[in-house]
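What follows is a single structure, written as structure tokens, with notes after it.
When the chains are written out, they are named A, B, C, D and E in that same order, and each has its own residue count from 1.
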Amino acid sequence: MGLKEVLKPLGAWRQVARRPHTILVPQRQREAAERYRGFHVNDLEKCIGCGTCTAVCPNDAIDMVRVPGIEPKKGDSGFRPRIDYGRCCWCGLCVDSCPTMSLRMTNEYIWIRDVPDDFVYIPGYDIKGFENKEKGYRKEKEHSFTHYHRVPMRELPPEERVETFAEVVLGYAEEEARREADRCVGCGLCIAGCPDRMHIPDYIRAIASGEYERSVNIMYENNPFAELCGKVCTRRCESYCSLGHEGDPVAIRWLKRFATERFSDLKQVIKVKKAEPKDKSIGIIGAGPGGLTAAYYLALRGYRVTVYEAMPEPGGMTMAGIPKYRFPFPSLKKQVDFILSQGVDLKLNYFVDQERFRRLMKEHDAIYIGVGLMKPWTLGVPGEDHPNVIYAIDYLRKVNFNEPVEIGKKVVVIGGGDVAMDAARVSRRFGAEVIIAYRRRKIDMPADHEEIEGAEEEGVEIWEKIIPLRVEDAPEGRVKLVYGKAKMVDQGPGRRPKPVLIEGEEYELVVDRIIVAIGQQADLSFLPPEVAEKIEVERGRIKVNHRQMTSYPGIFAGGDVANRVADAISAIADGLRAVKGIELYLQGSMD
Amino acid sequence: MWSKIFYAFLTLLGGIAYGLLLGGISRKITARMQNRRGPTVWQNFIDLWKLFRKKTAVSHGVMFYLAPMFRLVGGAGTFLLVPIVIDSPYLSNFSFGGDLIVIMYFMVLGCLGMALGAAESGHPHAPIGVTRGLSQMAGYELPFVISVVVLMIADKTATVEGIVRAQQGGILHWHLFTHPFAAAAAFISLLGMMTSYPFQVVLAPQEIAVGPPTEYSSTFLSYMFSGRSVFAMAKYLLFMDLFLGGAGSLLEAFAKTFLVFLWPLFITNVFPRFRLEQSVRFFWTWPTFIGLVDLLRISLMR
Amino acid sequence: MDKKNYFLDEKPEKLTYGGVFRKIDDWARARSLWVVAYGTGCGSIELRPTFTSRFDAERLGMRMVGTPRQADVLIISGYLTVKTLKRVIRVYEQMQSPKYVVALGACPINGGMYYDSYNAINQLDLYLPVDVWITGCMPRPEAILAGFKRLQELIDSGRADGWKKYIENLDWYRENQRKIIKNWKMPNYNW
Amino acid sequence: MSKKEVRLFIGPQHPGVTGNMSVEVLLKGDTITWAKTHIGYLHRGFEKLMERRIYIKSFPLVCRICVPEPDTNEENFARALEELGGIDIPERAKWIRTLVLELSRLQMFIMWYGGIAGSMGLSTPVQWGIGDRDYILDLFEELTGGRIYHIYIMPGGVRKDLPEGFEERVLKVMDMIERRLPEYDEIIMENAVVQKRLKGLARIPKEWVDEMGLTGPVARACGFPYDVRKDHPYEAYPYLDFDVITEEGCDAWAMLLVRRREIDLSINLIRQIIDRMPGGEFQVPLPNVLYWRIPPGETYVKSEATRGEFGYYVVSDGSDKPRRVHVNGPSFVHGITLLERLLVGQNIADVAPIMVSLQTCPPEMER
Amino acid sequence: MEILERLRERFEVLEEKVQRDDLIFVGTTGKNLIPMLVYLKEYEGFKTLVMISCVDWIEEGKFQLSYNLWAPKQKKNIIVKVFIDRKQPNFTTIYRIWPQAEVYEREIHEMFGVNFEGNPTQGEELILEDWDDIPPMRRDFDTLKYSMEKFGERAPKSRINIRREISEQYDEWRRK
């Protein structure tokens, strides 16, 4: 303890001359840092109520509530997060995992109350005064918990595709599939998009964790055509996907395809629970996906089921209409065989006419009509009966059944739907030069955009705003399409623009074949008049109630003939719903 | 006589106020040293009023109630015996012959009363603090007494007034300069009296919470608070009288007490506290030794 | 040494407060808040900056005191475990009226991160009357100071009366406290 | 307890204890004859809570285990999960993590440096220390978005990249602290009273170090060069150039010296890190955190906290939640086994300096 | 690693795993544990006990005790594991080998209910106070339920299952 040690500390008195570094809060505000994790704000318009924030919140601080003014709509559950600041720990996990990036944090941090009940609030709805603060913790798209980029699907190169009818899509490898499946946040918004309400998050999660058998079993709970859907589904679910708002939606279809393709023998995989046989029989007209779905679940419930099919192979439109490069025949056979193995009786080449329909009504306790749409719409222009004008649906059927078709060197496909794309791409595979003529713009096409892209890659030309005027004969066995151009007329908000012919202009196109693919209609001529008059038909489709029953008790209908969507998954959904309806009907407790 | 009492009462109030103000200034200066702004200088008045008007529901017996009064009375007694302005009819307080010795006893009285009351409170920290306080007192009283004795011998008087008068006639007559060793000893023991930091073993927050006043609250605490400030004032005045030549006017008194006040403040913020035995040992060695030097010198000179 | 009961083991009388000095009292109280130095939870980490040079709560007349007897404000800094709650109740009751409680953080409001913990309480207001709630995890010193400003406003306008509520509804509070403190080895009323 | 002994609880409501804990002592005069640590005032059952949370949800929890220095916990737990889950993190993430760890070590030491003076009643450096530490917290706020709880280190790297110009601001704060440190030294290290009180205080017998498993500055003050950063290098520490600091005194003064030199070391390391900070990615994408499963296995990872060796024992059973996480903080041994033995024979006045010297941190004892 | 061979020679080694260069797991039986620990301490340089941990394998009806040792010279950790019956969780104390084991064992006793024979302080409360349920760290103790029953909840959460809600919405739309 020298004198130095006594005097040295006194040097601290130098500090008196220094300016204090005290910050004068609360008299003056002090702003927190740029990234500060303060109070939440939520863009209610962007938010889709997926509930990922709820799932990731470590403290159970976030729950989902209804908010006045927010209605559920496509891809939006209608709920909004409510945050309890008596629970929150401002970790920002919710922000980092918000798929739409609507939830973020401001750098606001003062929230003082005299009562403890004022700490629950709905960001974005309850106005707290810091809604417009720009600074604060935000999600960086590339560095967050959400994986926005889809694992790319490998495809055949376009040059190879046009040479063969081999499948275009090559499928995921196991690692790729698990990586893709793992992107799913499990919100379940996609369920609303699926007509069949498949348990999408569940089977995707099963794929992600490598439990493929379980995954397929989950699919088969309400879809016996999982593999079909895995290949050709219109996948409306993907447009509901919460990841789709800021990135690519999860490839639900390809994942389904991946899981189902792994198993060649479904009997060993699917664990069916068969009910006691019941003394009731059901007749199903049309072995399309809807009819077979109904048959499968009815058979599992113990009913005797007979399916009547006019064509030589089961599968309906999936057999006749979908080209083999999208949906190979062995795959269809695998699924149909599994369904038939559950005790479904199938009668092929059995065209139901009025006479036979009367017989079926006597034989069966209930009848399900799933005949689909087999009659094409016509163009309705002069000269349409020209032999070189063919209809896509007939054309595709012939191709699929290996019947000879002749299309020449150059064809034009009229229409913009999936069938048009199929017809065009099939024609490319026959070596023809193909033009698709559509009366609206490309972005208005109802076909799957992947199909459009695929067609273009394969060298199909797409002409927009074409309105056919008449068909004329042309030399050398060719045909001339006379058409006019259209202009798009705005129809006001919420409605898609209408094409209107520009008068006075006429163009000509000489091709070998004109393939008309502007849609199909139902052919209900097999119904006997006494039945037909009781069955309500609305705009060409049979009208059914929510149990798929027509206005004639005991006759159910589903699939394209009854719904407006006309795709495989809706047919399957109809079939599944009809099963419940038929069961209730047979028990006499129809609601 | 009554007017004298009246004036004495006024000076007492003034002393308390000035003591509180000095406390506030010390908080401000300390704050500046600690790189912060600190409270206003009036903060101690607000604190005192708040404490004074606070409810209390604590009861630990009669002694417990009386202790703060002891403290206040001890402080006031000391204060009233120390002349503020010499020769002033109003501000010379109750100075009388031999009062220096009485003052020193009064200073002990406050502590003793405190000790009794705190011991009554039943909180274990209090007796520990009291023991410490008393031992500490035994420590710093020794050098202080020695230096006072030096002054008494030198000036041949036992009154404060006499000592002040002996220092008149210029700054060099101050005992600070005529008896530097005694002054040094006394000023070191002032650190102990003011419980400034190296010797702050009584309240010792990190060790025994706040020591003796642990159980005291509200009004009692306000008495102790004002007692403490008047006590401090008394000590400043006493040291002013003893070593800085007293004050001829009120302004001079203010200035000189402020100087004395700065000394403990100067030390207190830069040292941690000693342990009790280190503290006592310190007082019994260095300041005692220094004081003895002057005592020896004065005895030899005579 | 004879065993002496240092605590009043009886229910406190209803305290009324008022009088001519009321306004001055409130003014002085708001500007002289002495905080009992008890870091009950992780929030005490932010109390240190609050009370030291960078934020310097002493500007507002606040300071830390080592004993509950002399304190006016009890800061519940974050979650409270059952074991601490027992001590906190005791500290609170030893404080002299008027006294105020400030709850920091999300945890005392609705359990916070520890809503599912078997040892941390979820709602502080069942056990102690709280005057000001400051949420955050932890509240920054700025927020704490803003909270104290709010407390000062409340005191200034005479609305910070949690301590009165506590005495009036003592039985209710006691019932709640005893529900979770199984072994009540304390005096019934300890002020 | 004889008649002459007084039983005294130091804490939990006591200005001198480090956090919410208490030490029960028997006093004979001023001398402690027996001591017992009581903990549990801050027990929240972290380990139980983590068992019922998915892995990612545990990250906001772990940083609360040691409040003043949360990053060690985050880094440890993240590293354990990376090891079990087989994730390799990019170089830059390692360096950023090390930077965060060193910054947090520095702020803790600065606070401690003031705190040791405060434990003896010298409140001036406390005010300086906590005030200067705030500038580091400002850096943290800028980098991580949180002042105290950063939740910044996550498995796979760190959550955000360094902001623009962050390095310069770090260096600026380092310069400021380096300018300030001599002033601290003047009032603490070169203070006669501090020296008088700390030299020879709480002398730890050397054989206790291995026997009790003392780590960190406590062990290093006894001459044992135990430093996880050197012994089991993690993150970017193998690439950094530093020596383990040891002192031969075994007393509180030696611990003070060790920690004082650690401050210099930390500043030095931070400069090195900033100098050599590599570019590139700072994060590898995790699997979907909501469903992240970790293969079965167990591991023990450790790192050097300011108080000593911090270890995480993680057992995974293959599900998305840990089977068991055991957090082993250095204070568990320092604060209970060592403190109870060390206090015997000491003066009551020295309890606070001893506790601060050992840097007992109650939340990591009871978790 | 050679150390594993030496251990295998002397004791019954049920399982072993080299997790990292500096971390080895060794499983042994209860009878072999204390001799093995002493051997490791005296002859292999594992002088320090880092911690004792307990894992509840409720499905198998076992508690796993993990003794984590550190060798200051070799800079290696070894974790010795031993399984004990969950129904009668009795084991022997090792506090005579390492003094800090006393507190670790006390904590495990409190949190898991494992009884360490010979530990002088294990009955004392360490962390919990007036605990009235099964030891809280056991897997079958539901802390959320306990907390909600004992401490309550202020603002009950809506706990909406979005998937179910969405399905119902879908039905609604369907019906329209």
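The criterion applied here is as follows: contacts are C-beta pairs under 8 Å (C-beta built on N, C-alpha and C of every residue); 3 or more make two chains touch, one makes a residue touch a chain.
Only a predicted model underlies this, so the values are computations on that prediction, with no experimental measurement involved.
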Touch-network distance, chain C to chain D, counted in steps: 1
Lowest number of touching-chain links that must be crossed from chain A to chain D: 1
Comparison of A-E and A-C by number of C-beta pairs in contact, larger one: A-C
Chain closest to the assembly centre - both centres taken as Cα means: D
Chain at maximum distance from chain C, centres defined as averaged CA atoms: A
Farthest-lying chain, centroid of Cα atoms versus that of chain E: B
Interchain centroid distance [CA atoms averaged], chain D/chain E, Å: 24
Where chain C and chain E are represented by their mean Cα positions, the distance between them in whole Å: 38
Centre-to-centre distance between chain B and chain A (centres being mean Cα positions), rounded to whole Å: 88
Centre distance in Å when chain B and chain D are each reduced to the mean of their C-alpha atoms: 44
Per-residue multi-chain contacts in chain D, two or more chains: 14-15, 40, 43, 45, 48-49, 52, 60-61, 124, 127-128, 131, 149, 187, 191-192, 196
Numbers and ranges of chain B residues touching at least 2 other chains: 31, 33-37, 205, 209, 269-271
Touching two or more other chains - residue numbers and ranges from chain E: 128-129, 136, 141, 143-144, 154-155
Every chain pair in contact, whichever chains are involved: A-B, A-C, A-D, A-E, B-C, B-D, C-D, C-E, D-E
For the chain B and chain C complex, residues of the former touching the latter: 27, 31, 34-39, 43, 46-47, 49-51, 53-60, 121-122, 205, 209-210, 213-218, 221
Residues on chain E engaged by chain D in the complex (per definition of touch): 19-20, 22-23, 25, 47-51, 53-57, 64, 66, 68, 70, 72, 75, 77, 79, 98-100, 102-104, 125-129, 136-137, 139, 141, 143-144
Residue ranges of chain D in contact with chain A within the complex: 53, 56-61, 124, 128, 131, 138, 141-146, 149, 151, 159-161, 163, 183, 186-187, 190-192, 195-196, 282-283, 285-291, 293
In the complex, chain A residues that touch chain D: 1-2, 4-6, 8-9, 11-12, 14-15, 21, 32-37, 52, 55-59, 89-93, 96-97, 105, 137, 140, 143, 145, 147, 182-186, 205, 208-209
Residue ranges of chain D touching chain C (in the complex, touch as defined): 12-15, 19-20, 40-45, 48-49, 52, 60-61, 64, 67-68, 111, 126-128, 130-131, 133-134, 137, 147-149, 363
